[in-house]
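Take a look at the structure set out below.
Naming follows writing order (A, B, C, D and E), and every chain is counted from residue 1.
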């Protein structure tokens, strides 16, 4: 309790410290924040190590209910993940000197955001939770809106983010107050104790409301629309936190809903799974076809959260017939969440470094950075391979566990669950493939080959702190990839806090073992084997080559003998995704605009061809835009209610009074 | 001690009326507000320790003491800002010294009338006090003497007079019920509340309907709400702050007190249905009017309607939790809305307009004004750490706890729509580029900052209000 | 150079009348089947051991030819196929002709004929593949 | 992991390394014969590799370390799988963690490396190849993983050894509809993954029709040798896995030398047969247009889904 | 029915009829005159009740009402009208016949709405309560349906008079002090309104429909 108070206090102090003069501001705030993160992380580690929740209550804060703290191992896992991501983000921020990144509003919002992210999982009742949740939302809104003076996209992003996050918060509030209304007090433990007495319909409705509310925070389709905007427009350290820490809390919320409401009915998880599948496919498809590096990463976040929700749904679906598979799915989900936090923050920080160095986010204007920004490229490659779930990085272990739980869950499953599981696996697989397309594109077009613009050509490696920060998380991706045993104890304790762990999952330092399933995977061994083989081949390659003359010759890329080879001959991100876009034409429904202008004299001669294709978010276009247009029309129509005529105003009262008098008597 | 409450406004008002206007007079007005605040705190302490003070016509219980504190606090804010407001007006030639003097006098009268309304233990006195606020503020609304101000004050007085007349009719009918039940003092809140069970139910139902209709007009509730955006839009900023920040709540508090009587006579259902219907209607109207709002001050006015609607709904639900929320909400809304109107006034003075579309880039152009507007809007939208968040959440919890989950759902839905709308307008006003950037004087930022700080404090820390609030909520729960 | 029964060829038409191309086509067809001696046409000069050039080198193709040659990994060979490639043939002195192949890149082997018989081509290739 | 199993792994690796190019050569011979040609000797791929190993490496001026590393990764991942997979025997090293999914993903690392390298060359063809290859890869993946799910259903395990061992022990499961459907789907996957007709024509010279060939247009010398070797190893591994899933006949249950020899011969024969069948199929099939490929792959996916569903129903 | 009851009823009816006259007449002068008559009738009601109940306070209130509602307030308004003696409510929002129909309906509605009070009070006074309520509603309607600012003020005063009538009838007046207060408040209100009327005419507004600059 005291340590958490310390975290909160230091966080508030850091927030206020933003008022010091600009010269020392960032360093001072970052220093304090570092302390906050370390203390928060250490507290979480202690909870996970001792397997004892930190519980406390004070009524001197927040009128009427006070503040209630209940940091369970589940929450501690999220806090710990956040702490790691936040440390990297803070270090990155210190280097981020330009772009007015040291303004008071940004500094204080950053401090407040980090603090609230660390504390949300520690909330022990609905009021504390919602206070922290909203502080998190508000402070991150300031971060998203930070560059508002420069770009209209930022201003739009701020609105979308603010409106949708609060819409989600409204749903969460509704769900929680309904639960709290039936409990002896608003604490989560009291709610969990009383929720089983609620009628099934109420519980189902509350679950649905919470699912959508928390799902919007996690970026689940169709409530994801804010995500590509906000994540893309926020400054890099903030995007890293948004994607590496905040969306996780949406998942935390769904798990929390399960702890509060119990596993519930099958249909809950079929619905959740439906959203998960849609999000995974939609997110990965848009990631594969988008050309803006940060939007791509944001869509990939939607996709990953979709996978996480698939895992959660599997856990819920299997709970009735296969406890082992159920808890395995839960653990897999949590592994995936932590893995995602690490690799996605790596990627966002790396993308931030790129933006810092080039002022570009458009993949078609990057390229060639592997030579000018080797460290940044290396961390991006690690992050990309991890998100693509390739061994030996941490994404692989997570995805493997999810698949294992799905395979395992089939035993004893009824037909509905079987079909759902097959769909889950298929979604997982297609998503995996599309993610690979997306990230090969991101790395290949954005970092390899020839620079595609002036600014990319003159890019220079970023300051040292901005190199260190993503390197930390990238190193964690590698470490947890080859040695998954490092984290599995903590994660299984966290899952224990939700449901008793019956998975039979053990982890050595180098791999996962599922005794009951006779399944195991050993990324370290795979990595070592592959590295050894690669070294042998490298040696052979070195031994080969001609007897005389140079063994390696550098020559311009083969352009079919053309004299001039330019950067524009390379495949762009758009062209890279074109085959995929054609395959999924019906889903994406991209808008093409072909404008051919002929010369005046003859229409057989073309003077100019303008071709534009936009691949904007179809959910936004087909679902949100009409609603917004309707609201705008309604708003304009409503002006008639106050048209200035005092007679009309009085008439409202007159009519209502007469009716009321007649009715009441 | 109760009578002392009126002394300071009286003195300050007389001085303002009799002596030529100069800043010192305005400072005296601020001092008077401070005195009201301090006395309110003193009364609160005494009430907390030794129960209600006074009996008969004027009586200070916990609720009254709390409302006096709110009146004092918002008045202090408004009167402090009035000093530079009037100075600027006089210097710019928009206002003569005579007008300034009239303004200062009327503001004191306004404060006194509101204080009277909350400490009145007599339905008649309450009515007189609230009618007095209408009469006094009409000229304040028309302070600018422009055709638009004239129009606003006409609409204001006409609509409010009708409403208040209906409230008087309701009061009369309630009195009738009291007389027929042989209540000793049938206009007295305490005796009516004590004997409420004896009253004739159909008559009380009629009376309560008329009173909610009537005082609801002053509180900006449906159906007679239309004066509110016009008056708030045209009144000088400090007056708007006072009207929106406390006058509405004072009228609402009258409904709260009468609801107790209605509930004990009629049972909970009728008052609940009535207040829920009116509250939700108010919320919905406010929401649709906010969707495509084009003016900042009108936006703030409709937002006041929204908050009155929220409180009315919660009052309809009833219970100590809901009413605690309502009372805390009154305070939080008063402070934040006061700050926002004062900020909007400064925006109007400097930018020459409050049209939302013409204010683009405010945050970059006038960082302090923009930041206060942004923070204030955040507070108004019920985001933590502002107390409005806690109070809204408390009311929602009470609604859900009473089994009225659909009410909570409706309120949350409307709130989400309002939030999206205000956010969109905020984006238009605040965000965007600007060539130059002007700093604002400390004399502006400091009081508004302190008020916002207070709104945060009451949202985060239970001390010193928690006990008083629970006492006060107990009175009207 | 010992190519050990493996010869990858990159064909460049430097300005040919396509007579030689037809013969090359039949070299790799069922009758002459140069693949059986380990020769294969490839899609990239990076993969090639030898450049198979046909036709006189036109002005437009001089630079691409040179670049193709430079793009090949060492050791590399150039085969000038047909009379035109050797000395411009009937196109000699034409306004579009820059010269023979040897004027642009070093030629290791010339196969005369207009066009050369597939047999001759195959036997020439055999000298490299040792089969 | 003991010495014997390491030895077994070495045998498998040797088989795949040596046999991969020969398999490729064999398939070319079959094609040539069917086209009425004599064709190159079966050993021709090895001759090419040997020659390439002694040539100069070239590197496009715009490329980075990715370009240099990719061939190594391709061969190394294939080699890792060759050691671990149940090809000749059921007792390769690390038998307990020879996971089907791990195998698939390790091979995927090679494909990704090659695609990145292709983009690193800064040429239009490289990007085109990478784009097409990965698009197909993305569409293949669902069919593949659902097929794995179907194959793993009897045991609820994705351990590859266990699946193959189960097939060799209970031959009846091999005839189950679920198994057969999954294998049909697997065929489609293999054709796509290894770039055979009707998905890709491995012997085309026209850049614009290329898929996998376009990826490696910039490699030369030892790099090209490594890529060629790596791809032939992958083909051998895919076919080897396939034949052992179809008919795990003769596979060595232990690391006993005799059993190993039997396993070696059995695998070689089975793969040769399948290789010939594939080659015959390739000659008689036209290449599909790129944008008609999804139809084929969706067909494979549906077969796998049917496999899962029938598997669940049959239980 | 006693003389008291009859005269009381007559006075009350005059109050209501006064309200109807306001709807009926176009000329502002007539409207103000009707208001004055109504004030007299109201004072008569109070006086009758005072005599009947032997309540001196009520008699004093009757005097006050006579002074304020029959003399001062109409006088104030008359001075405004005098500035423009020919002013008419020429084109009301709801025309006169329709207004009169509405007034009739409102009266019926008042009888429905006042049932609880009639039931509680009963007797000669209670039965007249609907007339007061009808006056309130007709006044309110006049404010809605009449364009001139003056008509609106008169409508408001009709509402006040109606309420006063109800108050006298049901309770013989609320306590005198409150009655004083409320009457004075009405007076203040009318003073304020008069000032505003003057400003309106100074600003050139004759028709309330010209006050449409404030809207959304």
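In the analysis below, a contact is a pair of C-beta atoms (placed from the backbone, for glycine too) under 8 Å apart; a residue touches a chain by one contact, two chains touch by 3 or more.
Here the structure is a predicted model, which is why all the values come from computation and not from measurement.
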item	value
Set of chains whose contacts include both chain E and chain A	B
Intersection of contact partners for chain A and chain D	C
Fewest hops from chain B to chain C - one hop per pair of touching chains	2
Most remote chain, CA-based centroid, reference being chain D	E
Chain pair bearing the highest count of C-beta contacts	A-D
Centre-most chain [mean C-alpha coordinates]	A
Chain whose average C-alpha position is farthest from chain C's own	E
Centre-to-centre distance between chain C and chain A (centres being mean Cα positions), rounded to whole Å	57
Chain centre separation in whole Å, for chain E relative to chain C (CA means)	115
Centre distance in Å when chain A and chain B are each reduced to the mean of their C-alpha atoms	42
Chain B and chain D, separation of their C-alpha mean positions in angstrom	76
Where chain A touches two or more other chains at once, by residue number	546, 549-550, 553, 555-556, 558, 560, 638-639, 641-642, 646, 650, 653, 657, 661, 664-665
Of all residues in chain B, the ones touching two or more other chains	154-155, 158, 162, 166, 202, 205-206, 229, 289, 292-293
Set of chain E residues in contact with two or more other chains	113, 115-116, 140, 143, 152, 208, 211, 213-214, 216
Inter-chain touch pairs (all)	A-B, A-C, A-D, A-E, B-E, C-D
Chain C - residues contacting chain A, complex	12, 44-46, 63-65, 67-68, 70-71, 73-75
Complex contact set, residues of chain A against chain C	546, 549-550, 553, 555-556, 558, 560-563
Chain A to chain D touching residues, read off their complex	288, 367-368, 370-371, 377, 381, 385, 388-391, 396, 400, 403-404, 406-408, 410-411, 413, 415, 418-419, 421-422, 425-430, 432-434, 436-437, 440-441, 443-445, 448-450, 511, 513, 517-523, 525-526, 529-534, 537-538, 540-541, 544-547, 549-560, 565, 567, 569-572, 575-580, 582-583
Residue ranges of chain B touching chain A (in the complex, touch as defined)	154-155, 158-159, 162-163, 166, 202, 205-206, 209, 213, 217, 222-227, 229, 285, 288-293, 321, 324-325, 328, 361, 363-364, 371, 378, 381, 383-385, 387, 389-390, 393-394, 396-397, 399-403, 405, 408-409, 412-413, 415-417, 419-421, 423-424, 427, 430-434, 458-463, 465-466, 469
Sites on chain C touched by chain D in the complex	3-6, 8, 29-30, 33, 35-36, 38, 40-44, 46-47, 49, 71-75
